[in-house]
Amino acid sequence: MTQHLPVLQVVIPLVLAPLCVLVRHPRAAWALAALGSLCAFGIALDIVSTVLASGPLSYDVGDWAPPWGIEYRIDAVNAWILVIVSLVSTAVVFFARASVEREVEASRVALFYAAYLLCLSGLLGIAATGDVFNVFVFLEISSLSAYALIALGQDRRALAAAFRYLIMGSVGATFIVIGIGLMYATTGTLNMADLADRLPGVWHVRTIKVAYGFLAVGCFLKLALFPLHLWLPNAYTFAPSAVTAFMAATATKVAVYMLLRFFFTIFGAAFSFDVMNLDMVLMPLAVAAIFSMSFVAILQTNVKRLLAYSSVAQIGYMILGISFASVTGLTAAVLHLFNHALMKGALFMALGCVAYRIGSVHIDAMAGLGKRMPATMAAFVVGGLSLVGVPLTVGFVSKWYLILAALERGWWPLAVIVLITSVMALAYVWRVIEAAYFREFPGDRETREAPAALLVPTWALVVLNVYFGIDATRTVGVAERAAEILMGAAP
Amino acid sequence: MNEKRSPDSLQPPEAGRPPAQHGPNSVPPRWSKRILLGFLGLCVAAVVAGFLADIHGEHPWEEVPLFHALYGFLGISGLILVSKALRRLVMRPEDYYDDE
Amino acid sequence: MTSSLPPFLVFFVGALLAAVTRGTVRKVLLVLVPVAGALNVWGVEEGYAWQLEFLGYVLEPVRADRLSLLFGYLFHLAAFIAVVYSLHLKKAENATVQHVAALVYAGSALGAVFAGDFISLFVFWELLAVSSAFLIWSRRGPGSARAGMRYLVVQVVSGVALLAGALMRVHETGTLSFGFVGLDGLSGWLIFLAIGVKAAFPLLHSWLIDAYPEGTPTGTVFLSAFTTKVAVYALARGFPETEILVYAGAAMACFPIFYAVIENDLRRTLAYSMINQIGFMVCGIGVGSALAINGAVAHAFNDVLFKGLLFMSMGAVMHMTGKTKASDLGGLYKTMPFTAVLCMIGAASISAVPLFNGFVSKSMIMSALIDGGYMWIWPVMLFASAGVVEHAGIKIPFFAFFAQDSGIRTREPPRNMLAAMTVAAIACVAIGVRPGLLYGLLPYAVDYHPYDASHVLTQIQLLAFAIGAIVVFQLLKIYPAEIRAVNLDADWFYRRAGARLVRRTGDAVAQAGVALRSAAAGVARPMYEGAFRAHGPHGPLARSWPAGSMVLWVAIMLAAFLLFQFL
Amino acid sequence: MSWAQSAFPWIGHVVANYNYWIVIVLMMTGFYVLISRGNLIKKLVGLNVFQTSVFLMYITMGKITGGTAPILGSHGEPVPGVLYSNPLPHVLILTAIVVGVATTSVGLALAVRIKEAYGTVEEDEINALDAEADS
């Protein structure tokens, strides 16, 4: 049984999804989704401990030996991604029960959970597989279900946002398929490990460079790297609260993982940085993303949109870490994958609580909420502080490593930029805190604290934000291991 | 009462109005005179004591007789005059920053 | 005794308890916290340290030596006085927020002076900023909200600079330990800048005069005690004998006294006076000899007492009358005689009248300047100390309690306020009369005798004739009248020039954006023209922007990426 | 022609690889439609053309001149003298075609919902309506 875990991880949610459609009953569908998430989380924890203890796992789907068959290969990097995705999914699914009942029509709830499970399955699949074409298939599974999930938002603008995301997502995925095809045309293999073996022999071939370009742009699109982020703000803003929390904490992270896998494991760090000068492309874009998107975030009035822009800026930090092309830089990036998932998950869930009670996440509507919904706003404050990078939160740990990486390369202006943009993050988080705590609540409305069903999952993530901010040894350990693997310094 | 600023500060400044003249001192004149006289006595005593005692200066300028007295008087005179001039440069109506 | 708790912990636990208690229980608790803290820190001995590991570095959240212990004792005394002073607060005055913030603030200050490494220092540095901002916001006026925000931004920037400097230092030296830093390299300058902001160096000072007068009457007493003193401590620890500090200190001691003469708001006058006093300390640290450092930290100790006393007396006036402007006040001695006397004790102390505590520490700095060979700085500082008499020694008590009768009739402030002021006044006089009390605590052995005839007499001459000049100017009616006005200071640069610049830049960027977009459209249009001609009069390019522009960006990215590789 | 070939040797290269040129032309056409059309349905058509070019690319990759389907002889061994072509690209692209169909159907479903909600499928009109809602 245990040897099948890598594939069960993906298959369980995939099988449960159609069951959701069949049972139709909202609560039953939710129970299936919760079951799927919990299974995935349990398996991910088991896998990560196995991988850390005894090295990478390999699983041949249908017993077809690689490189002809599809191989699922899990090392510290994707084991970590599996944990992130399934952890967030578990927290969100418990949050979703009450939140979705409020925000989605009853007749569509079962379909919602079906799409949710498909999306989860797709994201886990991208992370687990060791076959590049399989990556594309799972990417499309997760994306198509994500379009549907976003379109379930209450506002009609959710539809337009989902449509635009569909166009962009499909273009991105198609780019990735083109890249994969060109790689296949040159090397005749789709297995990642096999590709990694064969590619150094064909570095000089122009087709490979073009493939690299298509893959790069495709990944940039999916991970919303500035300036290809245009689909993200609306999608996050108008999606149902639970979906926003889930997508913000997982979808872009998995896209970053894809980038890491393609450019480090398959092409290799040497090709990416010495031949393709990837760092020269990533760094300016990352800096531009951090600066301009933080600035845009400061000016937003819809808090969900504010956090969406902040997400684009935070992705900039991860890309910045990658662009350092060093173990420390990658550690920072991989660490921030996890940490950012924790903080954005917590923040968007806190916003979900607000939306549940007052039906709006406009900054003016949140005036005086500090008194009315103290637990919710306290969660938001802690999450916000983590976003800013205050010590004792995970945000600080990420920025610490990012700055260390910058200094290690001697690029101290980048370290300064990280610090300055932290202040910008403080500015946009502050705008919400200011509204919630320093403005008067418009007195005529009856508003109570959000129900425990929403608060418990939210606070679970908030507590993790602090816990891993204080005891960072475990997360840093895994991230360092992953970074070494990616840089080729460890098996 | 302290959560409100004094109501006067919210009114527009009396532009063009001459600065408020200080009226009779609130200390009764008799007392004011005695205080002034006492103070004058202190100054004289300080000067006399300064000549009697053996003042060993640490700074070369302290060789000048009554250096500290002169320096104090001239220093404050200069300070007040310069401050008055400074007012021309930096003084703005009280609501200068109110439109922030 | 190694069983002592970390000093800040007592305050943080106290703050937690204060948040959940009410009424008398909280009052007792509030008084007990500094007392318990003092007993705790009394047991802390030199060399006491608490270390822990974080991200592979050794952190030292508590490290005690003579310098930090002196500030430790001082902050407990200050916290005790300020807490007693604020006991009367009621719910309407945001009592809970103020009390909790004040305890966190005092605890952070203690944490900062006992922090043995830069990360701990940074944590407490930022906590100081955030907790103290609540003491300003608690006044709940629109002015306070904005001033508090400006204050917080400046303080947070200072923290960021500290962290940046510390990180670079870690990279250079491999250690996080906070010891002598010095000005070599960018990291040293960044840390220097961070401390400089908190110490209100010239041109970095405006947050102080902007924010302190906007605090609550009780909050400003706390504010005056901690933030800048933490900075003085950090300078004494990290930058002793750094020559630039001598000149910075001299500038700090001098320029505020001009502003203080013409400032109408008496609490703002005190804020200027605060910069002036810090100038003396900074100057002493810059000289760096044992005598100078002793003088600087002793003066910091005394400044907390007398400046606290003055802020408390002005706070009492504000609490009772709601006014702090010289033009609104006057004649209060009739109804607030005790407050008036206490205020005058504070005024005498800050003016360094012999037998008051300002005298015993300021004269150390003056002597150290001559010993250090700063012959041209000495007269400057002498001028500055004469200037102190003008604004703090005479102006504050005179315009509040005497001068022209404003007609205000009020009562003495609540008993707890009087008690707190009395404690501070007694401390001022006690140290003035028995300087040995303070000298015994100083970081270096003290062999200094302030009370010789020459020191005393020259000081009396200086003070008497300085006051004489004021009297003459008053009698001749050329003394500058108190006018309701705002005096421009360095904060103009960010409140006005900065705001204008941001607005203009914003406009310019927007215009450039429009221009750029139309230029891009101008280039792109001919390319698309043929295809679009058949499709109606609406701007087709604009129509296809949203999803189309996203895809266009993709195309541009791909093209750029490929070009980049093949060029 | 021979003059042209000697002066521009790449012309022959281009002609010989005409299948790839078709892929590129289709791809750019699809891309162009995506960028220039505001009508959501037309955008989906553009997307389809774009994806189709990729299908063609994979298929043309797997084609070998004279190659045939990899069907083994009656005894389960390769038939000597027969040139087999790799079936994998075709299999892969079948998957991609399915994905493409799914994408199109989700896109069309969204277009229907947008038409219901906004009363139009023209993007500029949708934007105008959204801008109205914002203000």
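Per-chain numbering from 1; labels A, B, C and D assigned in written order.
Here is the rule we use: a residue touches a chain if its C-beta (ideal position, glycine included) is under 8 Å from a C-beta of that chain, and two chains touch if they have at least 3 such contacts.
It should be emphasised that the depicted structure is a prediction, and the values quoted were computed from it without experimental measurement.
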{"item": "Any chain that touches chain C and chain A", "value": "D"}
{"item": "Identity of the chain that, by mean CA position, is farthest from chain C", "value": "D"}
{"item": "Length of the line joining the C-alpha centres of chain B and chain D, rounded to whole Å", "value": "87"}
{"item": "Inter-chain centre distance, chain C versus chain D - centres from mean C-alpha coordinates, in Å", "value": "66"}
{"item": "CA centroid of chain A to CA centroid of chain B, Å", "value": "65"}
{"item": "Inter-chain centre distance, chain A versus chain D - centres from mean C-alpha coordinates, in Å", "value": "29"}
{"item": "For chain A, residues contacting two or more additional chains", "value": "163, 167, 171"}
{"item": "Sequence positions of chain C contacting 2 or more other chains", "value": "546-547, 549, 551"}
{"item": "Chain contact topology (line, ring, star, complete or other)", "value": "other"}
{"item": "Interchain contacts, given as pairs of chains that touch", "value": "A-C, A-D, B-C, C-D"}
{"item": "Complex contacts: residues of chain A adjacent to chain C", "value": "163-164, 167-168, 171-172, 175, 206, 209-210, 212-214, 216-217, 220-221, 227-228, 230-231, 276-277, 280-281, 390-392, 397, 400, 403-404, 407-408, 412, 415-416, 419-420, 422-423, 426, 434, 438, 472, 476"}
{"item": "Touch list for chain D against partner chain C, complex", "value": "31-32, 34-38, 43, 122-124, 127"}
{"item": "Contact footprint of chain A on chain C as seen in their complex", "value": "54-55, 119, 122-123, 126, 137, 145, 149, 153, 156-157, 160, 163-164, 167-168, 171, 186, 546-547, 549-551, 553-554, 557-558, 561-562, 564-566"}
{"item": "Contact set on chain A toward chain D in their complex", "value": "133, 136-137, 140, 144, 147-148, 151, 156-157, 159-160, 162-163, 166-167, 170-171, 173-174, 177-178, 181, 184-185, 188, 190"}
{"item": "Chain B residues touching chain C - in the complex, by the definition given at the top", "value": "1-6, 8-9, 13-14, 19-27, 36, 39, 42-43, 46-47, 49-50, 53-62, 66-77, 79-80, 82-84, 86-87, 89-97, 100"}
